[in-house]
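First chain A sits with chain B, and in the next complex the same chain sits with chain C.
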Partner chain A sequence: MYRSQKLALRYFIAAITLFGVMIAAGLLSALYYIDPALLYNVFDFQMAKILHIDTLIIWLLMGFIGAVYWFLPKELGREVVGIWVAELLFYVFCSAVAVVAVVFVVVQYGGSNEFSMWFINQGRKYVEAPRWAAVGVVAVVLTFVFNVTATAWQARRITGVLGVLILDLVPLAVLYLDAFPKITNMSHDLYWWWWLVHMWVEATWEVLIGCLMAWSLMELMGTSRRIVETWLYIEVMLVLGTGILGLGHHYFWIGTPQYWLSIGGFFSALEPLPLLGMVVHAVYDAGTHHMKTTNRPAFYWVLAEAFGNFIGAGVFGFMMTLPQINLYSHGTQWTVSHGHFAFWGAYACGVIAIMYLVLQRTRSAEHFDSRAWKWGFGLLNLGLVGMVGGLLIAGITQAIYERAEGGSTLQAFVAASEHPWFRSAMYARFIFGIVFALGYFALVYDLLAIGRRAAVAAPTQAAPA
Partner chain B sequence: MLVVLAFLTIDSLDASRAGGRQVPDYDVINQHIGYTYDWSRRLEVPVIGPAEPLFGRTYSLQEASGLMSFGKLVIQSRACMDCHTFFGNGAYYGPDLTKAWLDPAWSQIWMPMTGSSTREAAMVAFLMHPDQYPTWTRRMPNLHLTRAEAQAVVAYLKWMSAIDTNGFPAHFGRIQAQN
Partner chain C sequence: MTSAALFATSAALGLLVLLGGAYGVLYALGAARSSPSLTGAGYACYAGQLLLVLVVCLGSPLASLWKLFMAVSGVVYGFIPPATWRLLDSIHHNQLQ
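Then we have the complex of A and B:
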């Protein structure tokens, strides 16, 4: 095994650990809606929320980085250039995440000064981490870009998937520089903030997961490089063709010109197309191979990724980004419903699939199956769909009673939040959150156990023959 | 697509700069602000009215700009966006703050509750000690704002309420008028 692949395993361990922290913080966030007096003035909603969404970003990012460090030496047939820097930065990255988490839990927020921005909390959603930590993230991402490009350069080899990946990593790194400024004008602040959030999540991350899924399908089902690369080019073209101006659906109401309603509405309506392409691709490949695979968990998680991405990001996104609907759905739990489904379908399922793919190789298990993965798969997806359903009902209640009827005043906000539909939906969200958490434990157990017993059992089965 | 986005960005940033065609300059805090239905655009728009000093004084553009810069720093340092939304962006535990300055609750609930004679005084009293003025089960935590910090946030919210948000939130002006 290459050193790069050992590093990938460390990234996966860190990612799955942070996934657990994300779930714990999410359950706590959900509890505040049921018991608002919980930890009042001690550890309030916003801190649990910050931990929930920041660990979401970090665990997925670690999963992506780990996946690339796994596939890269296989793709190029050599060790990754500058691997020692990557190894060093892994520990720096983990330490920085731990320090930031401790500061968020213990210090929480600071005074209204630059010191707070640099060392405590920047207070911009998703990029709350203080600037020193953001510098660390930039260093990790730049090292990652260097590792990938320098390895391709040294190997004197470039493949279609790798070329797309390298081109994608440049904007991925550059856009993160948007995590630093403090802009007085909220309209300008949000304008640039969406460049980071949207262009990461709905453009560069989509391309990145497309590359990772291409490598995964070649390994998982032996799909030919020609086919996966053709699909990848089509998907990238569609993502860039629809996603860049699809950014416009975030510019409907932030103080930007009215033409964004038409532009954003139109291109957002097209955004599901590349995701539909992924579904077609997955179904085509699965059908070609008659659903036969030596790695069922990875196979099913890939299918979950394709369908989850299309429904969660595509359909749910389309449902609420037409400006005529968004005027009422925007800024409600409807958005939260879409966000949960989209992140899960588009990215989390893909990262989990790759983890199973990697484990099959590290454990040299030909028969790579278990009962636990089915429990993990079932409970996680059931929990997620249940949470999404609950949040959708809560969001629709807000759209009707808070936005459309109440005019979004404080009284309207309270009236919608006290509505029985909203309250029962919040209980449902929490209960399904517990189901999701149980699925996480099944997943972790399975990731630790799968393939180990099969590897031992194989010789004894072979003996009588 | 990127070229189109670049051109649109140049125009959008110009339109949404303080003093641009969608966003008023910071010294708009010295004037009365309303929110009414515009029949030509078929949506609600802010209406800038006559002089209405904030905290009993009139701010120069430079003073107002400094106040806004400080107000934004307060908003970020206390992570307001992780409970509330601004223009619908943020978190959803607290109410949207896009037109918070215009909310009828200040005069109906908090002015009598805090014993304040003006909306801005009630807002400052609430922001400094939200735990002392509960109105609902979900209570805002005490984020230990000084008077200067609370005043800067109030000024920021007043300026924000004057931004043309293409009709978001809808019907807010109607409800406000009814009250």
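Then we have the complex of A and C:
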């Protein structure tokens, strides 16, 4: 095994650990909706929410980085250039995440001054990490970009998937710099902040997971490089063509010019079209191989990725993306419902699929199957569908009673939050959150146990020189 | 927009994409298994989708341009599964030759 592949395993361990922290913080966040006075002035809602959404970003990012470190040496047939820096920065990354988490839990917030921004909380949603940690994230991402490009350069080889990946890493790294400016005008600040959040999640990450899925399909099903690369080019063209200007669908209630609402509505309404193509592709691949695979968990998680992405981003997104609907749904639990489903389908399922794929190789198991993965798969997906169902009902209640009928007043907000539909939906969300958490434990158990018995029986893979 | 219209329009839009997805899946399954009944079920979903487009165009309070957009995208949905399937098939066969 290459050193970068060993590093990939460490990234996966860190990712799955943070996935657990994300779930714990999510469950706590859900509890505040049932009991708003919970931990009042001790550990308020906003801190639990920060932990929930920041760990979401970090665990997925670690999963992506790990996956690239796994596939890269296989793709180029050589060790990653500068791997020792990447190894060092992995520990720096993990330590920084731990320190930031401790500061969020213990210190929580500070005054409106430079010290707070640098050492406590930067104050921008999703990128709240204090500035010193944000500088660290830039260092990690730049090292990662260097590792990938320098390895391709040294190998004097570039493949279609790798070329797309390298082109994608440039905006991915540059966009994060958007977390740094100190803009005092709130409209301007949110305008640029959405560039970071939207372009990561609905553009650069989509391309990144497309590259990772291309490599995964080649390994999992033996799909030919020509097929995955041709499909990747089409997918990237369509995703970027619809996703970039879809940015405008976030520009509600923040003071941006009105034309953005139509632009955003138009391009984001096109976003389900490439997703439909991906669903057809998934069925094609599954049909070509007659649902036969040596790694059933990875195969089913890949299918869950295609379908989850279509339903979460496509169906749930289209329900609320046209401006006349978005005016009412924006910023309600309806958006939260869409966000949960889309993140899960587009990214989380893909990362879990890659973890199973990697484990099959490290444990040298010819056939990868177990009972526990089915429990993990079933409980996680059931929990997720239940949660987004609850959030959808809560969000529609808000859109109707707070916005359409109540006129978006503070009193209407409170009335909608106390509406029986909203409260029942929040109970349902919490209960299904527990189901999701049980699924997480089944997943972790399975990741630790699956294929171990086979590994003892099978000869270990020879390490490359 | 009234709250009833908001709910009905949004539900119709979600269902519209869901039917598009069901059309894609059933069409692809039908093609993979050479099953005319599955392909037929796919086309039935697409017919349902077109019907829903009609309902949205005639009965929702969306602006005219968005209704035009819905009508055009309803037609485009019809082409995506067969076009994608043919493309994948041709790449696959070229690869095998």
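Methods note: the second predicted complex is superposed on the first by the 453 of 465 C-alpha atoms of A that agree within 3 Å, B and C clash if a C-alpha of one lies under 4 Å from a C-alpha of the other, contacts with A are read in each partner's own complex, and residues count from 1 in each chain.
In the analysis below, contacts are C-beta pairs under 8 Å (C-beta built on N, C-alpha and C of every residue); 3 or more make two chains touch, one makes a residue touch a chain.
These figures come from a predicted structure and were not determined experimentally.
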Task = Look at A:322 in the shared chain and tell me whether it touches chain B only, chain C only, both, or neither; answer first, second, both or neither.
result = second
Query = Between chain B (first) and chain C (second), which, if any, makes contact with A:109: first, second, both or neither?
reply = first
Message = Taking the superposition on A as described, I'd like to know which of chain B and chain C A:404 touches: first, second, both or neither.
response = both
Message = According to the stated criteria, A:240 is in contact with first (chain B), second (chain C), both, or neither; which is it?
response = first
Task = Going by the touch definition up top, name the partner, chain B or chain C, that contacts more of chain A.
result = B
Which superposed partner A:15 touches (first chain B, second chain C, both, neither) = neither
Task = Have a look at where A:310 lands relative to chain B and chain C in the superposition and call it first, second, both or neither.
result = second
Query = Between chain B (first) and chain C (second), which, if any, makes contact with A:207: first, second, both or neither?
reply = neither
Inquiry  = By the touch definition at the top of the document, which applies to A:261: first (chain B), second (chain C), both, or neither?
reply    = first
Task = Name the contact category of A:125: first (chain B only), second (chain C only), both, or neither.
result = first
Task = Take the contacts of chain A with chain B and those with chain C, and give the residues found in both.
result = 328, 404-405
Query = Contact residues on chain A for chain C in the complex?
reply = 224, 226-227, 230-231, 234, 265-266, 269-270, 272-273, 276-277, 279-281, 283-284, 286-288, 310-311, 314-316, 318-320, 322, 324-325, 328-329, 396, 399-401, 404-405
Ask   = Which residues, counting only chain B, touch chain A once they are in their complex?
value = 1-2, 4-5, 8-9, 11-13, 15-18, 21-23, 41, 65, 68-70, 72-83, 85-93, 95-96, 98-100, 103-105, 131, 136-139, 141-143, 149, 152, 160, 163-176
Query = Once bound in the complex, which stretches of chain C touch chain A?
reply = 1-3, 6-7, 9-11, 13-14, 16-18, 20-21, 24-25, 27-29, 31-33, 61-63, 66, 69, 73, 76-77, 80-81, 84-85, 87-89, 91-92, 94-95
Query = Quick one: in the complex, what on chain A touches chain B?
reply = 32-33, 36-37, 40-41, 44-47, 49-50, 109-113, 116-117, 120-125, 128, 182-191, 193, 240-241, 244-245, 247, 250-261, 263, 327-328, 330-333, 335-336, 403-414, 417
